[in-house]
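Let me give you the structure first, and then I'll get to my questions.
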Amino acid sequence: MSKYQHIKQSAYEANMQLPKLGLVLFTFGNVSAADRELGVFAIKPSGVPYEDLTPESMVIVDFDGNTVEGDLRPSSDTQTHAVLYKHWPNIGGIVHTHSTYGTAWAQAQRDIPIFGTTHADHLTVDIPCAPPMDDEMIKGDYEYETGFQIMNCFAERGISYEEVEMILVGNHAPFTWGKTPHKAVYNSAVLETVAQMALLTEQINPQAPKLKDALIKKHYERKHGPNSYYGQ
Amino acid sequence: MSKYQHIKQSAYEANMQLPKLGLVLFTFGNVSAADRELGVFAIKPSGVPYEDLTPESMVIVDFDGNTVEGDLRPSSDTQTHAVLYKHWPNIGGIVHTHSTYGTAWAQAQRDIPIFGTTHADHLTVDIPCAPPMDDEMIKGDYEYETGFQIMNCFAERGISYEEVEMILVGNHAPFTWGKTPHKAVYNSAVLETVAQMALLTEQINPQAPKLKDALIKKHYERKHGPNSYYGQ
Amino acid sequence: MSKYQHIKQSAYEANMQLPKLGLVLFTFGNVSAADRELGVFAIKPSGVPYEDLTPESMVIVDFDGNTVEGDLRPSSDTQTHAVLYKHWPNIGGIVHTHSTYGTAWAQAQRDIPIFGTTHADHLTVDIPCAPPMDDEMIKGDYEYETGFQIMNCFAERGISYEEVEMILVGNHAPFTWGKTPHKAVYNSAVLETVAQMALLTEQINPQAPKLKDALIKKHYERKHGPNSYYGQ
Amino acid sequence: MSKYQHIKQSAYEANMQLPKLGLVLFTFGNVSAADRELGVFAIKPSGVPYEDLTPESMVIVDFDGNTVEGDLRPSSDTQTHAVLYKHWPNIGGIVHTHSTYGTAWAQAQRDIPIFGTTHADHLTVDIPCAPPMDDEMIKGDYEYETGFQIMNCFAERGISYEEVEMILVGNHAPFTWGKTPHKAVYNSAVLETVAQMALLTEQINPQAPKLKDALIKKHYERKHGPNSYYGQ
């Protein structure tokens, strides 16, 4: 048995959550699961329909993007995953989808405004939308550069990948991450729901104000602060 | 067997209706079931996925918000439920969700206008949206104050909790209630449908007039009046 | 066995199609099935959830709205059905729903414009929206008057109930009919789809022109004309 | 056994994908599967509900639109399929649906703008919307002319049916095609998703710019170019 069996299994299970949560059409998405000690991650093979996936079909890749184990070609977004794992030491799972509402905000090139507590239960700022890549980066190693596009956006805005576990890549679609692949998938579903609610909010009231600071702080802290009292 | 078994079972069944009706993502909702004679209610434990719920996992809490029985921490919204049960003697069930359209109206900080008979079959006024809480209340016992935020809104507008069994909490999401937990869940689904129809109505006709008084009265009375002839 | 068993069975089956087609929430809809020779129709009992329906629970009512057989109270909309059966001799089934998009157009008090061939495959004019009832009619026998509200709208516009098998009742919701209950249910689903497409069409292009006459004529005739070649 | 069994089976399976993918209501769609050597295609019979379809019920038609084998009347859109097979030698499957968002864009008579990479992964230009047919063509052999309406649109714009495998027919609905019936169905689902995302994008940002050339080129080439690295 592969010594990577545990992350293959974990990546498989997390990938299978995507169609169940309505976040992907056909093969438009992928999840990876990292093992930090072994310095590798398991990721969905490219172009394989979800109904044909098995734990064994997951591909093992190192943090420089080299395939370590597996018969199939890894997801075309593999280099983006590798870059993020390499530079952000505290994440254990990454998800990329083209979920409908999240992708629409990415195509509109707008941050998703923080309008309510559903959003504030998960992050205290607008969901950032990274600007489209410049032409030189696109011509280069595109998926590799996408990783830097994401990291640069966080650096420029001074936000932490441990506090904000999601981003929209302008003109493209969402990426999310977390301590585990399961948490990263959870974040993808949260992003999609918050994206839909934000669009509807603006349709109901084009002058809808953002959530005020006191509420942002309260909701985030009850779930994430030192005195959190949400969950078990 | 617990002497609270009947409300645990009732709260469990009502909670399980929420995902079935499409009103919750993950754990974003909770239902409670009260026993007025025993002076307690059963409520969903905090952060537990619906697929893992059992009647036994429900937590028993008194109307001052103290846990009476149960191994798990009760829903983080428990104090809101307690306040409402304490002050509104004729309700037997309460529901809180972040359902998509109801939450969007709450984020937009607008009452849901009464545009048609689907709405009037259930209440004769706009669905009220309570204003966001002031900063002092937020810093205090937040969920406890949410209960007063709801009651104050009804008091200021002079509407009765027995005639209007639903509210939007501004920037947050809907709460509904009823004589039974089942009726409270029913009201949550009605609110979500009415919220979606009202948004679509304004999109189709931004000048759509509200329902006229004669129709409001007629539809409400055929379902709720002394000569009601709706249902068995 | 009841001599009305065949229409009870037919009404039961047609009613059960409504939740399957996503046209009703809870009990917000009803279907009836007429037997012209016996001068009666079978209709859903009032307020009974679809999952509890049986063929036996259907109520038999004559064309003056009197209950002929059945232990339960018939749908609160029964008088509307009776009026339409009495005055429109060539219909065998009637459906009333509060389907989301159809109801939104009714609340917006607008006809649904004929924008495309999906619409023209079924009728050659805008789907009419009857104006809200005047206050005197509302105070009277409301559901009975709803039948006349529908018929008056058709008379004033000079359209035939045999060519146009659907209407929106302003501020209320859709009614549809047909030679059979099955056809009436089919029409309810068509109305809902056409209603959604028309709203989306105006959102994509607020100046979208209506379908031109040559296309209206062609599509309708290929399905309904003397040389129709649609279907078997 | 029919010598056309293989395309009957293929057409049957592809047709059954349409309701599963949410692309059709009732019988509002059809798929055909061609055998280029035999010079025929198998197509859905007209007006038969999907749940009643069998491989045996598929109708065999030649590229001039003559029925070669089958007891049922072929889809009313058969002549359109025949024209496209006759003039476009490298397609093996065609799909027609009235899917909700695609049809709304067709009714709005607008091309679907290329706003993001979901679109660019499949084609490098806006999804074309052919103008409504002129009245003379409508009065003639309508479905036959629809084939020319499609081909004329591609000829006038100088785009290739091998690179762009989808079109909207103005006031009507989408057609898609591909090397296989399976690929044509895949394209119908892609069109519907891209159509929904494009509408949402314009709602979120009415000034949303189109995808820039460098990204269009990159995404298309990674899937379709000589050095493609998407899929297995």
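Residue numbering begins at 1 within each chain, and the chains themselves are lettered A, B, C and D in the order written.
Note that in this section contacts are C-beta pairs under 8 Å (C-beta built on N, C-alpha and C of every residue); 3 or more make two chains touch, one makes a residue touch a chain.
Values in this document were obtained by computation on a predicted structure and should not be read as measured data.
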Smallest count of steps, each to a touching chain, taking subunit B to subunit D: 2
Chain whose average C-alpha position is farthest from subunit D's own: B
Separation of subunit A from subunit B, taking each centre as the mean of its C-alpha atoms, in whole Å: 33
Shared interface positions of subunit C, touching two or more other chains: 203
Chains grouped in pairs wherever the two touch, ordered by label: A-B, A-D, B-C, C-D
List of subunit A residues in touch with subunit D within their complex: 25-28, 45-48, 72-73, 76, 98, 100-101, 103-110, 132-133, 135, 138-139, 142, 171-173, 199, 202-203
Sites on subunit B touched by subunit C in the complex: 115-118, 186, 189-190, 193, 196-198, 200-201, 203-205, 208-209, 211-212, 214-215, 218, 222, 229-232
